[in-house]
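Below, each structure is written out as C-alpha cells.
The two complexes that follow have chain A in common; it is paired with chain B in the first and with chain C in the second.
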Partner chain A sequence: MRELSIENLARVEGHGGISVTLDGKKVKSVTLDIHEGPRLIEQLVKGMTPADDLNVIPRICAICTLSHRYAAIRGLEKALGIKPPEKTQLTRDLMMLGENVESNSLHTYLLALPDFLGYPSAIAMLNDHGDDVKRALRLKKFGNHVMAVTSGRIVHGENPILGGFGKYPSRKALEEIKMKSHELVPDAARAVEIFASLDYPKYSEAEMTFMSVNAPGKKYGFAGDSILISNGKEVDAEDYKKLTNERVVSHSFAKRSLYQDKTFTVGAAARLINMGKRLDGQAADLFKEHYSDAWRKNPLYNNLAQAIEMTWSLEQMPDACDRITALEDPPIEQPTRTTGSGTGAVEAPRGVLYHHYEVKNGLIDVADIITPTAQNLDDIEKHLKLTAERMLAEDKQDEEVRLGLEMVARSYDPCISCATHLVTLKRV
Partner chain B sequence: MHKLRDAPGDLEEGLSRQLEAIARGRMVYVLGLGNTDRADDGAGVIVAERLKKDFPSFSFSEHDGVEGTVLDISEKGGDAVVFFVDAANLNLAPGEIRVVRRERINDREITTHRVAVALMAAVLDKAGIDSAVICIQPRATEFRGAVSEPVTQAIRTVESALKSLLAKRNA
Partner chain C sequence: MTRQSPKVGVYGFTGCAGDQLMILNCEDQLVDLFGATEIRSFLMAKSDNHEGELDVAFIEGSISTEHQLNKVKEIRERSKVVVAIGTCACHGGPQAMKLGEGGFEERYKKVYGNAKITVSKAIEAQPIDAYIKVDLYIPGCPIDKQEFLSAVSKVVAGRHPYLIKSPVCLECKWKENRCILYDGKFCGGPLTKAGCGAVCPSHNLPCVGCWGPTDDINVSSEYQLLKEKGYDPDEVLRKIRKFGGANVAKLLKDIEKKEEAKA
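Moving on to the complex of A and B:
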C-alpha cells in the first residue's frame, strides 16, 4: 500500500490537500482533506441584529466577500419583508459583475492556465506570457475597482445594506466603469481564445449534474429565487436543504452535499450549461462557438466557462451603468416585520451560495450558510478518483498523476476557507 | 564592549540600515499586506495605512488593491524599490522582524485571495523595480482578535524606519 499525497494544494484559496491510497494500480480511496479550521460563523452571528450580521458574514471570505454579503442581504430582506427598489437591484447586479471579473480573471489566467501551458506557476509564465499575466492583473484591478465603487471598499465593503445602499455610485464613477469595461472586453476574450485552444485531458470524464441559480426574467445573472438543475427540474431556493442534503465526513471540516444521493456541480460551467442560451453579445457568440457535450462530463471546461462568463460580465457593465444613472437615488427600504425567515441564493464565482436566516424579534435566531465549494467537494472527489484510476491504468508516473489531480481540483476554483472544509497517494 | 541585549532604538536603527542598504537612493514604495480581521496578521496593513497619512502617493495597503497598485507602480517604472510589509510565520519570537530580499521570496502560491507576493515581485522586477518583504513574526491570528503587544511594538519600529526612509528618498 502506498500513498500519493499533495499535502498543500497550491493555487487554490485556503489550506487543503489530496490523499490517494493505492493498492498496486488500484485506487483504494481519494480524499480531499480540508486543513482549515472551522470558524463557526453561523453560531457567532446568533443573537446579532441583521445589520451587525452583515458586517460579520462577509468575513467568511475576502474574494467572494460581496457574494456572501449579497446572499445574506437577500435572505434577511426576505425574512424582514423588505423589497429593494430598482436602482438598488441594478447596483447590486453591477457589484456582482465586478466580483465575477475580479475572481474569474485571477483563476483563469493565473491559477489554472500555468498547468495547461506546462509552467509550475504564473511567475514562471511571466517570461513567455508576460502580456497575459498583465491582462490578468488589469482585469483583476478593474474588477476590484467596480467592487470598491459599489460596495465602498475592495474587500469587505459595507455600503450594500438591507433595503438599499449607504451611498449610490456617482455619475462620474459609473461613466468611468462604462468606458473601462468596454476597453477590457478583448482581455477577457483573449482568455476564451486561450482556453478554447487547449487540449483537455479526458481522465476525469463522467456524467455530471449541474445546479445554478435561475436568474429572473429568463436572463443570465448571478441571483434568483429558484435553482435550475441540468435534469430539467427547477426548485425553489427556500427548499435548498432538499438540494444539498448536507452531511459530515471524518476527513474534513467541511460538510458535504449530495442531490438524490449523487454528486453535483456548481460554478461557471453549471451556469452556462443551464443558462448559456440566455447570454448575449460577444459572450453568446463565444459560447455557441465553443460549447460541446464534453462540458457536461469534464470539469476542466469550467475554466473556459469562466473566461466566457468574464467576457459577458464586462459586456453587461455599460448598460448596467446607464440604467443606474437614469434613476434617482431611492430611500432605504425599511423592514416591514421583525420576525420571519428567508433564504438568499446567489451565484458566487465558484457557484451557488445559500444564506438562510430565521429572525425572531429583530435578532438572528438561526443562520445556515452553504458554500459552493462545500457543495462541490463530493463531486471533486468523484472526478479525482476517476482521474487517478485511469491515469494509473495507463502507467502514468506519480508526478503526472499528481498534476492531473491538481488540475481537476483547481478547475472547480475551490475556496477552502469558505468551505472550511487538497494530494496524498497512499499505496497499500 | 558587548551589548547584552538590543534596546528598542537599536532595533529600529538596525532595520533602518538594512532598508537604506536596499533602497540605495531609489524611490521607495510601501505595500502593506495582511488581514486586519485576524489580529497580528494585519500588521502590514496597519503600517501602510499609518504611513499613508504622510505619504499618500507612496504607501498602499491590501485595502487599495494589491495587484492594481503593483501594476500601476510597474507601469510608472523608474528607479524604485517596493517594500512589502507582511506578517510571516518564520518560527521566530513574536514581533521579530526580518527583511527578505526579492531573490529569496518564496514562490509558493497557496491562496486565491490575491496574487502571490512572489508574482508581484516578479512583475516589478520585469519593469526594473526592486522589492523586498519586511516580515513581522505574528503571535496571534485568531478571527477578530487583538494585535499582540510584541507585534504592536514591531509595527511601531517598522513604521518609524519606513517613515524616515520615505521622508529621505521621496522628498
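Moving on to the complex of A and C:
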C-alpha cells in the first residue's frame, strides 16, 4: 500500500488536499480532504435580526460574497413577504453579472489555465503569455468594479439590503459600465478561443447529472425559484433538501450531497447544459460552436463553459444599465410580516447556492446554507478516483497523476471556505 | 538588483480568504508586488511554494483547529515580521463573535452531531495573537487595497508603516455625510476603526463594525455619547461584536470600568 497525495491544493480558494491510497496499481480510495477550519456560522446567526444576518453571512466566502448576500436576501424576502421593486431586481441582476465576470475570469485565465500550459502560476506565464494575463486582470478588475458600483465595495459590500439598495448606482457610473463592458467582450471571447483549443484529457469521463436554477422568463440567468435537473425534472427551490441530502464525512469539515444516491454537478457547465439554449448574442454563437457531448461526461469542460458565460455576462451589461437608468429610485420595500420561512436559490459562479431561513418574531430561528462546493464534493471525488485509476493503468508517473488530479479538482472552481461554512445537521 | 528582495509568505487560516483575494485584487500593482518581493509561499495564487525563513509573513484568518494552531506557531518561528491581515486574524472575525461566552461545544454538536471528523480537532476560533506574537495589525473585512499596499511598501523596506487609528466617523466627516445617528439608527462608526472610507454611511447605511474596535483616544467619550443618546449598551455590544468579538467586548468593558472608577 502506498499513498499518493497532494497535501495542499494550490490555486483554489481555501484549504484542501487530495489523498489517494493505492494497492499496487489498484486505487483503494480517493478523498478530497478539507483542512479549512469550522466556523459554525449558521449557529451564530441564530437570534440575529435579518439585517444583522446580512452583514455576517457574506463573510462565508469572499469570492462568492454577493451570491451569499443575494441568496440570503431572496430567502429572507420570501420569509418576510417583501416584493422587490423592478429597479432593485435589475440592479441585483447587474451585480450578479459583475461577480460572474470577476470570478470566471479569475478562475479560467489565472487559476486553471496555468495547468494546461504547464506553468506553476499565472504570474509565471507573464513572459510567454503576457497579453492573456493582462486580459485576465482587465476583466477581473472590471468585474470587481461592477460589484463595487452596485454593492458598495469590491468585497463584502453592504449596499444590497432587504427590499432595495442603500443607494442606487449613479447614471454616470452606469454609463461607464455600459461602455467598458462592450469594450471587454473580445477579452472574454479570447478566453473561449483559448479553452476551446486545449486538449482535455479523457481520464475523468463518466456519466454526470447537472443541476442549475431555472431563471425566470425562459431567460438565462443567475437566480430562480426552481431547480432544473439534466434528467428533465424540475424541483421547487423550497424542496432543496430533496436534492441535497447532506451528510458528514470524517475527512472534512464540509458536508456532502447526493441526489437519488448519485453524485451530481453544479456550476457553469451545468447552467449551460440546462439553460444554454436561452443564451443570446455572441455567447449563443460560441456555445453552439463549442458545445459537444463531451461536456456531459468530462468536468474539465467547466472551464470552457465559464469562458462562454462571462462573454454573455459582459454582453448583458449595456442593456441592464439602460434599464436601470430609465427607472426612478424606489423607496425601500418594508417587511409585511415578522414570521415566516423562505429559501433563496442563486447561481454562484461555482454553482447553485441555497439559503433557507425561518424567521420568528423578527429574529432568525433557523438558517440553513448549502453551498455549491459542498454539493460538488462527492462528484469531485468520483471523477478523481476514475482519473487516478485510468492514469495508473496507463503507467503514468506520480507527478503526472498528481497534475491530472489537480486539474480535475480545480475545474470545479472549488470554494473551500464556502464548503466549510457549515450546516445544521437535523434532518426531519 | 542591488539588494536581495525580501522574502514574503502569504498564509490563510479560517475565514473567507477575502484578504488574500484583496491582494490578488490589486490588479494594477500585482505584477510590481511580485517583482519587488520574493513571494516564497502564496498557496491561493501559485503552486511552486517553498516554506523556509521569511522576512515578512502576512497571515489572514482566525485559528480554529489544532492543525492550524501548530502551523501558525511554525510560521512565527521562521518569520522576522508577522503581519495580521484582516479582521479574522486581528480580532477573530464573525466566527469568534461569541468568544468568552461559552457554548462552543453545543454549537459544534448542532452542526456536526456526533460524527467523528478525523482531519483535525476543532477549537473555538481565536485571533492569531491568542497564540503568537503579532508585529503589525492591518484590520478590515476585507482589508483596504490602499492601506495594505502602503503598509506593504513600508514593511518590506524594513520601515514602520502609518496605520489609521481614528474611528470611521472621521472618514465619514471627510465625506460630508449626514450622521446616521441623527435619524435614531445605531451606527457602529464611533467605535470602529477607520480605513474603509466610511463606505456604509456613504451608502446611507449604518457602519456594521467590520474593521473591529478603534484604538482612538476619544473612544470612551464616543461610547458615553451613544449611551446618552439612548442607545442600549447591550444592543450596541451585540451589534458590534459581530466582527470585533472579544476585543470589542473588552474595550467596552474597560470603558465602563474607568467610568465606574471616576464615579
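As a working rule, the second predicted complex is superposed on the first by the 420 of 428 C-alpha atoms of A that agree within 3 Å, B and C clash if a C-alpha of one lies under 4 Å from a C-alpha of the other, contacts with A are read in each partner's own complex, and residues count from 1 in each chain.
Throughout what follows, contacts are C-beta pairs under 8 Å (C-beta built on N, C-alpha and C of every residue); 3 or more make two chains touch, one makes a residue touch a chain.
Values in this document were obtained by computation on a predicted structure and should not be read as measured data.
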Exercise for the section: With the two complexes superposed on chain A, say which partner A:Ile123 touches: chain B (first), chain C (second), both, or neither. Expected result: both
Exercise for the section: Pick one for A:His145: touches chain B only (first), chain C only (second), both, or neither. Expected result: first
Exercise for the section: Check whether A:Asp187 is in contact with chain B, with chain C, with both or with neither, and answer first, second, both or neither. Expected result: neither
Practice task
Check the residue A:Asn55 against both partner chains and state whether it touches chain B (first), chain C (second), both, or neither.
Solution key: second
Exercise for the section: Look at A:Val155 in the shared chain and tell me whether it touches chain B only, chain C only, both, or neither; answer first, second, both or neither. Expected result: both
Practice task
May I ask you to decide whether A:Asp93 touches chain B, chain C, both, or neither, giving the answer as first, second, both or neither?
Solution key: neither
Exercise for the section: Tell me which partner A:Asp413 touches in the superposition: chain B (first), chain C (second), both or neither. Expected result: first
Practice task
Go through the superposed model and pick first if A:Ile63 touches only chain B, second if only chain C, both, or neither.
Solution key: both
Exercise for the section: Could you tell me if A:Asp379 is touching chain B, chain C, both of them or neither one (first, second, both, neither)? Expected result: neither
Practice task
Counting touched residues of chain A, say whether chain B or chain C comes out ahead.
Solution key: C
Practice task
Across the two complexes, find the residues of chain A that touch chain B and also touch chain C.
Solution key: 8, 10-15, 39, 59, 62-63, 106, 110, 121-123, 126, 137-138, 140-141, 144, 153-156
Fill in the blank from the handout: Listed in rising order, chain B residues that touch chain A in their complex are 35, 37, 62-65, 67-68, 70-71, 107-116, 118-119, 122-123, 126, 143
Handout entry: Complex interface listing, chain A residues touching chain B
Key = 8, 10-15, 39, 59, 62-63, 103, 106-107, 110-111, 121-123, 126, 130, 133-134, 137-138, 140-141, 144-145, 148, 153-156, 413, 415
Problem - Parts of chain C lying in touch with chain A, wherever the complex brings them together - result: 12-19, 21-22, 24-25, 27-28, 30-31, 34, 43-49, 61-65, 67-68, 93-95, 97-98, 104, 107-108, 110-113, 115-120, 122, 125, 141-142, 145, 196, 199-200, 202-205, 208, 210, 239, 242
Practice task
Would you pull the chain A residues touching chain C in the complex into a rising list?
Solution key: 8, 10-15, 33-44, 52, 55-56, 59-63, 65, 106, 110, 114, 120-124, 126, 137-138, 140-141, 144, 152-159, 161, 165-167, 248-253, 417, 422-426
